[in-house]
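Everything below concerns the one structure shown next.
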Amino acid sequence: MIRIFVTGGTFDKEYNELTGSLFFKDTHLPEMLRLGRSRVEVAIETLMMIDSLEMTAADRARIVGECGRAAEARILVTHGTDTIVDTAAALAAAASVAGKTIVLTGAMIPYAFGSSDGLFNLGSALSFVQALPAGVYVAMNGRCFDWDRVRKNRGSGTFEDI
Amino acid sequence: MIRIFVTGGTFDKEYNELTGSLFFKDTHLPEMLRLGRSRVEVAIETLMMIDSLEMTAADRARIVGECGRAAEARILVTHGTDTIVDTAAALAAAASVAGKTIVLTGAMIPYAFGSSDGLFNLGSALSFVQALPAGVYVAMNGRCFDWDRVRKNRGSGTFEDI
Amino acid sequence: MIRIFVTGGTFDKEYNELTGSLFFKDTHLPEMLRLGRSRVEVAIETLMMIDSLEMTAADRARIVGECGRAAEARILVTHGTDTIVDTAAALAAAASVAGKTIVLTGAMIPYAFGSSDGLFNLGSALSFVQALPAGVYVAMNGRCFDWDRVRKNRGSGTFEDI
Amino acid sequence: MIRIFVTGGTFDKEYNELTGSLFFKDTHLPEMLRLGRSRVEVAIETLMMIDSLEMTAADRARIVGECGRAAEARILVTHGTDTIVDTAAALAAAASVAGKTIVLTGAMIPYAFGSSDGLFNLGSALSFVQALPAGVYVAMNGRCFDWDRVRKNRGSGTFEDI
């Protein structure tokens, strides 16, 4: 069983046709897993629905706490890409999650857009979280990075080794 | 560097609007990797473009031969789902590929359809092939099966343990 | 109030992922009108769900009969493109539909495919049927043809004047 | 020959994956007409690419001027929905466009989103502009309104008679 914690991010942004702006409603994760015909046993829980630029230390502490309390040893976290590395670092620093495999992933384009990378990233992260040993990782661009060896390149919009 | 061998299958079927039937033209793999913003180094080669129900022993021998000759130790094969397990078995029986990690994947719905599972499966297979030890595997439904412990359930259209 | 008669055709073809073939299930018309945020008052009725190459004289007589019996003076018929002109001719020959505006339309690519022309054609046909005087027309490629001045060019897949 | 003037609006908004915000790049009109397999002869010209809430009197005067100077008697204008009725009124008040058929249309959801009404609206507007007599109209929701008998209902996001 894989635990999936949803925290928002571009993944789940939608277009509000009355205001012309982007907003969060419900997570698209269940629909995306259906589309991928996933048969992986998962338990999905939405912790928050926020842009990761607005994520506070308290939000981050809550994610760490939930990952620590979760019964599952393998956890997938969906997250905005702007501060995904910060949350990965917070998780790696917590003794409560030691021994677990935690993979964070996000998207550059909302799933609701035709051209989203979200479905690819979800397939990727869900696979890495099943296959990798204990540790905290960021899965983006088809790759999986150790939490302390990755950064987002804001110019190219991709993740790279450091 | 990951080697990707394309053999056809539902993944790459397209709709011929002049005849109203499904056919193969070019592979969608490069476009799919672009959509997923993949930064994994890959070399894509199309070996054949066929429905896996029409795959002959000679076709299968060719796939095995190419996997053996490839310089890469990690290989992804796109394949029709109907006989994907047979090709996996042929690969596992070949001494020439021992020591390599080979992941076969396919799709239930053509990528050209809006509702395809292809992008999810590609993200999944590309991740498993990077993370798993040497062996021959089938990646479908978000899961990864050892070649000799999987079958396609034709009633449900999903892959399951045996 | 516009009457919409559904007869099948490429518009409504779907992909059967268990058999890998195209088939008819339910019409996509209501979903398409929702997507287009249509506020035109319509009554949708499915008369048959067939490929127009398989349409018999009896099927065609049924369409003519239903158009004649309909209370509405403006009728949209969705139809396979291969024999859409034949059905238009059958309608034009029927005294029972004289005085009505009847527009037939179809699609070259199933709506369920990402690259379908269906939504464009539906918007077009629904507009022509509101704006044009009594007569029988074929709406395809953004144009509207009198029933006796059009043919499908099977080489290009487009409709043209004769 | 139909003249199409592009002025921006939701139709052509795209998602900037580096900033996470919506912006204008190039118009999607040519791609949309290709998808609809349109064979209507059109000449497309981009006058501006702006949100209609930011449209000034000078912008509106420019649209009126271009419609007056255009050699074509049938003109389609793509426009943001928030002030589309204002531009329609400006056109109707101009002696220079008398005798022309001018249809304005827009979209509630950007074309680049999977769930856009744009393709439906374009098919609809392109059909009305071919079929209707001289006048200024707003085509939305599958309907066509006289310029002085329509308003946008901001609560429902639809256009209605006044």
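Chains: A, B, C and D, in written order; residue numbering restarts at 1 for each.
Going forward, a residue touches a chain if its C-beta (ideal position, glycine included) is under 8 Å from a C-beta of that chain, and two chains touch if they have at least 3 such contacts.
Everything quoted here is computed from the prediction, not taken from an experiment.
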Counting shared numbers against all numbers at the contact of chain B and chain C, is it over half, same, or under half, different? same
Cα centroid separation between chain B and chain D, in whole Å? 45
Taking each chain's centre as the mean of its CA atoms, chain B sits from chain C at a distance in Å of 39
Measure off the straight-line distance from the CA centroid of chain C to the CA centroid of chain D, and report it in whole Å. 26
Multi-chain contact residues (two or more partners), chain B: 108, 114-115, 157
Applying that definition of touch, give me each pair of chains that meets it. A-B, A-D, B-C, C-D
In the complex with chain B, residue positions of chain A that touch it: 32-33, 35-40, 108, 115-117, 119-128, 130-132, 139-144, 157-160
Show which residues of chain D lie in contact with chain A when the two form their complex. 10, 13, 15, 17-18, 20-22, 51, 108-110, 112-115, 154-155, 157
